[in-house]
């Protein structure tokens, strides 16, 4: 077989192996999905283009659900535990929403409760300041921003929970496909901010979930 | 005055403003320390070269403590709460230890309990595998690595807690001052890995602390 | 002679040729100063290291004044017109002050009135919001910021006057000597923001002055 | 809704939010236009591909006007004040004209009077020198240039008003999509030159307008 | 003629000139194949898109064989010596398989015996550790990995034979088309690791073959 | 202890852990050497500056030998097997010799026989062509070159054994500290060429040794 | 009009303005051609895609000639002087031929005699050494090479005439669209080598012509 | 010996091997000079720091001459032919003069007549336009410029002889050590411009000389 699926991963890392569809053919994706379904896993397939989804559709179970904006396919097992905690996903602009949707789908599949707040970028900072209460209710915040990528720095200064910056490739010219936003986040003058790869909503969703499900610390 | 210290920060972000000493003169650093001491804050000064420390020393309170390897100065107020939780700081090589020390000093000052595990890089992977139990005891792991920066990917695959990668500038040539290690971490094939800036032990310590002190989530 | 001083420049561009001292020897700088003094110009010498200044000092007229933080030397002719307009120079951190001083010295020499506001970076956004009135009084704002370079985006969203971003080389690692801050400014999601080179306080001062001295527009 | 339109922006920044169409679907653009029309704003939509425009067309008011070269759509409210001041937009080559058109449409919508001068690049410097009078009549000059991006340096040396350089992605190979021209402008050996992002005619138009509408300074 | 085929190469370098099809038209490729067939060489054509192959097909001898995944065409002369030695080609993920196939086809054509092991990346390190015996049977190992490119470092630490890292362009954002993986390999903290260009399965196959066919050293 | 020396490495990888001295203090280096001597290993310490060596010297055994050009320290155990095989180390210019010396010391310590050929760069190609016989006697060739890094391509075309390119940081300007030479080698139009990191004589020596000691292949 | 054709250029620079067709529409190109024909100039249009040419064709004079490989259109006036001197255009591979064709068409249009030598790259250096006589007959040599870009260094060492290197975008991965070859040429260890932009056959043709037509120097 | 001096180079390339002193010790340089003197060559040593020169001085023949600005040492044989032709070396600023001096020394040693024109950069274009006659007298022009590197484009448009651009590392921030100027020259919108490496006065001098000594072309 061409794929060496890591079935112990749920035990070890708390989640099944997610299918990254970029560069895979529809039949390849289909075979992996069938294997994982047989193994009784929930399915998350990311970067699944609408065209590829349409080819897969007829062979998918009825409970499969496709989010065209986030380009993610999820297939949940019938009984699911109640979502826990509170992740907030924030975007700077409307163009950043697809990446946010990937993060949301990922964290929800893993069992987290997720809320969102969109188009509150720093060019109109009052839009964010109006929502400080919602920011402070979150256990962990994912901030998705392209172009100048400045939003995580502002959010990081307003809250005391962990902040995960997701740079997006929104922009042109000297945005260099998201590098400008990534560098902004890595150089954040606020503390408590970590970054994931450009457009990596999936990675942000996983990391946010790992944080969100944490129990209380003991004192030594 | 030349510095606009942000005294509300402890309330807002859970920590006082830390003094970044790179590019500041000893007298400038001294003035900021005196101000913060008067305001009753714990002091953390990072990137403090030994020479600058020696100039400051005579004016510091006796409880001041300087870590020359991590180049950090800490001044703790007399009564301190017991450290909580469990952060593990791991390094790939011995050359990465200074950055790890900055992370440890930061997280400890903020109130976290921190443990360390050094020189367990992927060139001798059994050194890490021998310590899987310690990895799994941590609530959050900071992985410090230069050169190929491969260690966070391996750690991320072995645990289910959040992992923070800190690339270091250890290396030469095509390591580009830590860029190679940074890119490795941003492109980690393991999930649950976030990154901070190159050599940013301080930032990793802050983010790890924000995660480590989290209470338990509620189910909705 | 080794330098071809452009004496018509004051007529053409509204300012004399400024002496950029980096990479010039003290005797070379001295000769150029003497030439320009003879030609009756005001003198502005930038990037003048303290050591070079001390070598020049004995041959300078008494009205020469050296700003060690900004590394600028100015020699004003005896009678000077009243400064006009209102430029505001803002910095994100205390480490950005030297570049701000270069901008201030430049714009003042050219005849502008300049005010400053320091250490109001986005990690504590209330420090800036508290000063919105001063921001709105300015005819043009120069915003000096290193690391994430996010401040000009926030300022640009709060005012309707032109904003000039000056990225600084403050930071380390993935700040790439100011490139991160520069890219942030070029990709600003706020409108009305232009950028000059990294650490180019001089260039920002010139451009701000050209804007600040403008008369009122006519309607056609 | 998916977009959080910033309706206070006209009051705060002197202009309504402009619609950036890259990466937005025609229905999304249509919805935002309808919202803004209801709010009584003038409309400017940039980066609107001809195909998307043709889809929108039937639902647009008759006074809508589309510039295919600049890829901008404008809808002006019936009564408009007389345009004020004098912005000059200059291009180095004919290939730079689309970016110039974006700048012109933006500044005109905002209320500025704009003139243009095209194809006067430095390979035939006399073409520019022949027009020095027109350069000197402008209150602010926008210089649009790709490839070597040398024109703003020459213009900056000929005038005393502010100059805004707009690098374009015209070129190939080591022009790196406009980076070569951008760097030239950031390193301009002329004073009084600021830069905006590559191909950012919109940003240049906004900044030029902010400058062009300035009233006269007071002396203190 | 447009190509200057190097017929002495088999004598000098131990292999015929391989046809790199990227950017060549089908007729150009066809002519080169005919020439080499006449000269009695085995044929290896790499980067041959399926479409181009279909155009060539009718004029190819029946023993021609096309591998669509690796995009390689091979035409073996009738009698072939037994393959010698043992090369192991390992991939980190399933997406890296096409590059691995190019390496395998190349080394096999040259006369090497090649085995493969796929999808054993470091996110689930036990998958590799389970196969240490197969790793240790190889004379030379080619490790193909995209994204973080961490696998060669781990392999290099487990074996004593030469390891050739092949970075792939699998990934997105800050993987920069394979640059992240390439840098990881160049900075490998394991010894005994060399690298070839991104996606260069062909180059890895050649180098591995040159190593694999070596006879025993003499002692001096 | 601060270093987690990997004592099983000789068994696993065929060589002891080598001491990389850059960024380590003399006392740190001294402690590691003492540990390894006690463990009965041969010692190789690379990037050891003359100053650090002079501090260590008095505590070193008499059989210690320091190569100032290559900045390597070696301590051989009394009885050594005869060196085997034949590695040839070639340099393009005289400035590349230090990196070559590091490679030679490494391979010799590991047990290989090594020969060298210096200053035969492509600007005077006859210098290389005069030595084709020596090139063809080698089992593996290490080619060390800075500036244009063109030599490995020419060597790769003249021989059938494996070629390891070592780019050096010799050069200035657009050599970017060895990046130009590295890219040349990665893009070599000759087959059979692999590359290691810039200035990485150590890595080249290890890889060349792994190749050089190989026994003869079996046919299957 | 949208183009400001520089009709004095033939007098000033010895050649008419050449039409760069990339990014221009067929009607735009057509208009410029008509203007220049009226002005009595020879026409050279570069980067003219086959499709655009087919649209223009019916309106072109019968003496127009299109080279599809080099993507250049030339229209010569009826009487032409005899070509002078001797330019040699050399390519490393067959894939570099289109760029070479652009150089040849340019230099020939300007009046130079041009010869070519293709596919003589350094992987088989004897192919070049066999042609040393032809290299030495040239007054100026244009060397076109992609991938490692090593050929100009070898040619520069074999001749005493000026050598112009033209890097091409032939290659993949770490060739970075021709940057690797460009850097090789800029860092050539041979003297007498200058470089033009990636794929800039046109620029090389112009420069080679300016050199090729030079008369003899006088002694002072 | 450590250096393999290429004594046939004068015959082959028209010049002796020049000594590049960067990274060579004074004794190494001294040995090479003695060898070349014995071989009867003229000596040119570039990048020779004042300190190294002072160490060499006592062993040099009396006719040795050192230019501290250009950091070049020349030793001419007693009888020299009259310099021929006319090279013009132009600089944009005074800071570019050292690189110009390296070019001048090189071309003069080789036998060319060289003239210079300094500090005529594009910020004051009339300084250049005033000298058009001198520009037009040259057979070849070397233009040395840092920062924006715009001067060669302007010069290229004013003359019909070959122009060689030499970018310098003069500048800071986004000049990236001369990269900005280099890219400007490679993307010159003027024809007839070639470039050499950053700060490579030596290379420009060699290339200019090869061009300057050319005899007249024959017509075919």
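Assorted remarks:
Labels for the chains are A, B, C, D, E, F, G and H, by order of writing; each one numbers its residues from 1.
As a working rule, contacts are C-beta pairs under 8 Å (C-beta built on N, C-alpha and C of every residue); 3 or more make two chains touch, one makes a residue touch a chain.
Please read all numbers here as calculations on a predicted model, not as lab measurements.
By residue number, more than half of the contact pairs of A-E reappear in one of the listed pairs D-H, E-G or G-H, namely E-G. Between E-G and D-H, more C-beta contact pairs are found at D-H.
With each centre defined as the average position of its C-alpha atoms, the distance from subunit B to subunit F rounds to 35 Å. Among the residues of subunit C, those touching two or more other chains are numbered 12, 123-124, 156-158, 173-175, 179, 182, 186-188, 190-191, 197. Those chain pairs judged to touch are A-B, A-C, A-D, A-E, B-C, B-E, B-F, C-D, C-H, D-G, D-H, E-F, E-G, F-G, F-H, G-H.
The touching residues of subunit G, counted against subunit E in their complex, run 94-95, 97, 118-120, 123-124, 126-127, 170, 172-175.
Listing the residues of subunit G that touch subunit D in their complex gives 2-4, 6, 8-9, 12, 20, 22-24, 28, 167, 169, 177-179, 182, 197-200.
Residues 12-15, 18, 81-86, 113, 139, 156-162, 164, 182, 186-188, 190-198, 202-203, 206-207, 210-220 of subunit E touch subunit F in their complex. Of all residues in subunit F, those touching subunit G in their complex are 92-93, 121-125, 129, 147-150, 153-154, 156-158, 171, 173-176, 179-181, 183-191.
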